[in-house]
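Each structure below is given as structure tokens.
In the two assemblies presented below, chain A is common to both, partnered first by chain B and then by chain C.
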Partner chain A sequence: MEDQAVLSIRDLRTYFYDSRGNVAVKAVDGVDIDVYKGRITALVGESGCGKSITSLSVLGLIERPGKIVSGQVLLKGRDIRKCSREEMRGVRGREISMVFQDPYAALNPVMKIGWQLSEAILAHEKVSGEEARERSLRLLQKVGLDRPEKIMKSYTFQLSGGMCQRVMIAIAMASNPSVLIADEPTTALDLTIQAEILEELNRLKKESGMGVLLITHDLGVVAEMADDVYVMKAGKIVEKGSVYGIFENPRHSYTKELLGSIS
Partner chain B sequence: MAKKFFRQKQAVAGLVVILAFFAASLLAPYIAPADPLKVDLEHKLMPPSSAHPLGTDQLGRCILSRLLYGTRTSLLDAVLVLGMILAISIPIGTIAGYVGGRVDNWIMRIIDILLAFPSMILALAITGLMGPGLIHMLLALAAVWWISFARIIRGMVLQIKEKDFTLAAKACGDSHLKVVFRHILLNAVSPILVLATLEIGSIILAISGLSFLGLGAQPPTPEWGAMLSDSKPYIETAPHLMLFPGLTIMLAVMAFNFVGEGLQKAISSPGTGGQGKQEGGGLRAKRPLLKISFFKIGEEKKT
Partner chain C sequence: MKLIETIGLSKCYNEDSPASHRIYAVSDVNLTILKGETLGLVGESGCGKSTLSRMILRLEKITSGQVLFKGEDITGYRYGHMRRLRKDIQIIFQNSGSSFNPHFTVEQIITEPLANYKKMSRTAYREQVVQVLEKVGLDEEYAFRYPSQLSGGQRQRVGIARALVLNPEFVVCDEPVSSLDFTIRGQVLRLLGNLKSQLGLTYLFISHDLSAVKRMCDRIAVMYMGSIVEVIPREAVESGKARHPYTVALLSAALTTDPRKRREKKVLLKGELERGTASDGCLFNNRCLYAEPVCKTAKPALKFVDDHHQVACHLFRGMQGKGCRLQGPDPSAGQSA
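Now for the complex of A and B:
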């Protein structure tokens, strides 16, 4: 299994510093995660346990006062932590893309959807504007949006939350990434829309064979979607296993607590 | 957004007045009843009449014509100053806000030091140093005015920088330049526009004020503030000399303020985003000459 992982995080440590340069928070403290092709890996934990910081660390988007102290992020065996800034830009969006929690906030409110989508395509591929537009339309259809022409001409505030999240996913899928990081993709949405979006993610994963790192605090989502589960607490992975293993037979007391809190 | 702007009567009225002023500045040679520089001492200090609708001044020059030509100096130069201010403050404010850290610290401390000088006095001093003259005055105004603009723009950038879409853009592999132009500045356009419209009234006042003090437009150039200044000795014998330039300045300043406020209200409507919550030290920056009220945009939610 080990060599098939598209994304392997090894002993990743991201610390935050106070103004005097002392370590204030060890947000991510020695995390190992493997994401496999065509599988959904869930990273579960309470708010503030370091889930989102883990995903941002993978993309190298940690800003001061935070710093990735050590560790490896292996994308198909290549350590992207050693990449130059320029190379890293090529990884983001093309190899690893990300879907955010609040689709309204994550889309630019003053750019039309079509423009944002075309931009995402043009960022990594040299195609004509016309072709970018064509592909944007197809992407919108692919994520299950009717009347893509109309959506291309809309601004975010003219769309519903579910539609925005589908657009967000379309942008993330623009360059057929190998890994999709979904950071609480359904937390900001209604329950019915949540189910639709999750189904959509599942379908896209099957179609494209990408690996998905699903970050969530919702164990219901985990049970429904995930193949592998990592439980995170205070910057550390406290338990990992298959979704059945975790739900049937939780070993760590924190996992038991988490499971206890929903049943 | 446009709809919401045009629904406000005040703002529309202001816009009409501004457009009329700009039209006047362009069409002055065609619509002015007389040559604004033509001295006619036989007909000096005349009250309004059909030949000179607003009367004549102490040298017999037609006041209406001088006011019309004065739009060119007063109004267009205000726009010019605003252009210079934005050209300096947008890059500086953006760099301070976006780069942050030590760069931000340095820029902000320098701005703090500059803000410690009373801006009008500083403008006076700079003009005095370079010698009176319209161009010198405009440069001096831009030199003192960009400071507060840069501060406010830095605040806007800081706020937009924190939004998820900037992070999302970076996660898509956008370069810093692209993030700044496509995401940050594009979202700052409307608040900067509001700021600029609200401020241009004060700039007009400042230009008139410095001209009134004899530092700006030199005679015989028609300029509203200089006209006011020239009318001082005749305030009792011929009050219309002072009245009409004064009213004109007031009208122009009010018109810009109405439009600015209208824009501000229109922009803070839900959905346009990006400028919902205006907060942070930037917007509480010390205002230079007149305006104190600015950005009362409340916190509103998207629906």
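Now for the complex of A and C:
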């Protein structure tokens, strides 16, 4: 753990304002998180505690009435909050990729999968269309999809939830990101498909060495996947530690309450 | 005593289509629910759990088959009969809140079913409402709140109160905690357990979450594509006696709650559920890791392998033999928690 983190969030604060300009919700209220290369860092907490807003803040995707009030987001030591909009677009998808809970919402329903994948590849690399196609096929294979040619020609409505999530992961992996943020990636999926997707994420992490920030409300996912754990409540990190520390020796009363609910 | 029994219960939502295009959401289900037990019903979303339970409650038209309540065939019940039966059989939904009228107070929401059956004075209604609210752990003051003024957990408690106010015998709990946060989930499950023993209820407890089911249920029915593939007592699950490859896969896919018990291989089936595929054989054969030729050609019947344990699988040779012929799955694989 002495290594420098690939992603460090420092004292991040993101607030939402009411119409009169007063603070309505302190959605993220002074959060520090470190994500390391080749490790899975879980951010766990109940719904509404600020997990998604944390990840959207990292990606510079907060819109009004929300605002990042303060803090740093250090990607390999560089504060990307200082990036221009244009630069941030380069960071997103190239250095930090994201997978969301609902793949149907994240994919374009009227574009074939092959097109969306090629576009993701071409967005940050100048390669020929043919080369992009080749790579798309390889990516789909890499995320465990059997018949990549067929998938390339499909629209999202022709695919199951689990297949769509694999496609999302393929798109996220297209740029060999240093950080993958996965926000409840399996919450919408059935148990057996969840197990497959989690297995896939683990394998991809090992192969690529990327750092993963895994956001979840499910302590089972944490127990199964995480190396490091941050427990969030009402915009604040109440406890952090190794996965064993958190499960076997929780210190904060809220962590104990969460763990009590599953045993 | 058998409280509920279904005989060959089936549901086809597209009955008007030509026979070859008909899809059965539930097919030929024979299930018994004993008085006083909690029977779990698990399976992936879309496998027919809600449809089956709604047919049992007669909230869904039955395509074929029968439902017996205390030995009496209620399949053909109409108005008057049904009205009387309604009192005894109730349902708690996943998202009780969304079925509430937002302009009704909690008191009005709970009084509604009551007023359908008993004419009483306002104060008598009030008393019953307060009593049932107390049972589900809510103060009297909640009676005057609107659904929007309640948290998710409180709304679910009101849903439970509404289901219980008529003193039913049988309650279907359809994913009662799936939309709740972890800490609340535990509270509501505990509440359901306590109410059951206090009031002598019988539950059909539906969930895709095996850990909740293992905690709540005496027996567990596993459903796959509209059919029951295994009915197994809880202790048998816990001692690794699950036999159907699908049950074993489900158990193995369940997440651990102990990071030291992670296992590498958790996926014990292949592919994904393909809806609408009809087959003469076992519906699970295309995802099964152990399928043999017979699995493609003949449907396995649900057979007793033990007094309380039924399995529908060709690969399982019954109780005289050595038990399961399957080589692959470690039968204790699912016991992570």
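Just so it is clear, the second predicted complex is superposed on the first by the 260 of 263 C-alpha atoms of A that agree within 3 Å, B and C clash if a C-alpha of one lies under 4 Å from a C-alpha of the other, contacts with A are read in each partner's own complex, and residues count from 1 in each chain.
Criterion: a contact is a pair of C-beta atoms (placed from the backbone, for glycine too) under 8 Å apart; a residue touches a chain by one contact, two chains touch by 3 or more.
This is a predicted model, so every value here is computed, not measured.
Enquirer: Mind working out whether A:Cys83 is in touch with chain B, chain C, both or neither, as first, second, both or neither?
Expert: neither
Enquirer: After the superposition on A, what does A:Glu46 contact: first (chain B), second (chain C), both or neither?
Expert: second
Enquirer: Thinking of the overlay built on chain A, is A:Asp190 touched by chain B (first), by chain C (second), by both, or by neither?
Expert: Second partner only.
Enquirer: Is A:His217 in contact with chain B, with chain C, with both, or with neither (first, second, both, neither)?
Expert: Once the two structures are laid over each other on A, A:His217 reaches chain C alone.
Enquirer: Is A:Ala24 touching anything from chain B or chain C once the two structures are fitted on A? First, second, both or neither.
Expert: Touch partners of A:Ala24: none, neither chain B nor chain C.
Enquirer: Give the list of chain C residues in touch with chain A in this complex.
Expert: For this pair, the touching residues of chain C are 44-45, 181-183, 185-186, 208-211, 249-250, 252-260, 262, 266-267, 269, 272-273, 337.
Enquirer: So in the complex, which bits of chain B are touching chain A?
Expert: Touching chain A: residues 100-101, 163-165, 167-175, 178, 182-183, 186-187, 189-190, 270-274, 302 of chain B.
Enquirer: Enumerate the contact residues on chain A facing chain C in the complex.
Expert: Residues of chain A touching chain C: 46-47, 160, 162-163, 190-196, 198-199, 217-224, 226, 243-244, 247, 257-258, 260-263.
Enquirer: Which chain A residues qualify as touching chain B in the complex?
Expert: 56, 59, 61, 64, 89-94, 97-98, 100-102, 104-111, 119-120, 123-124, 155-158, 168, 171-172, 174
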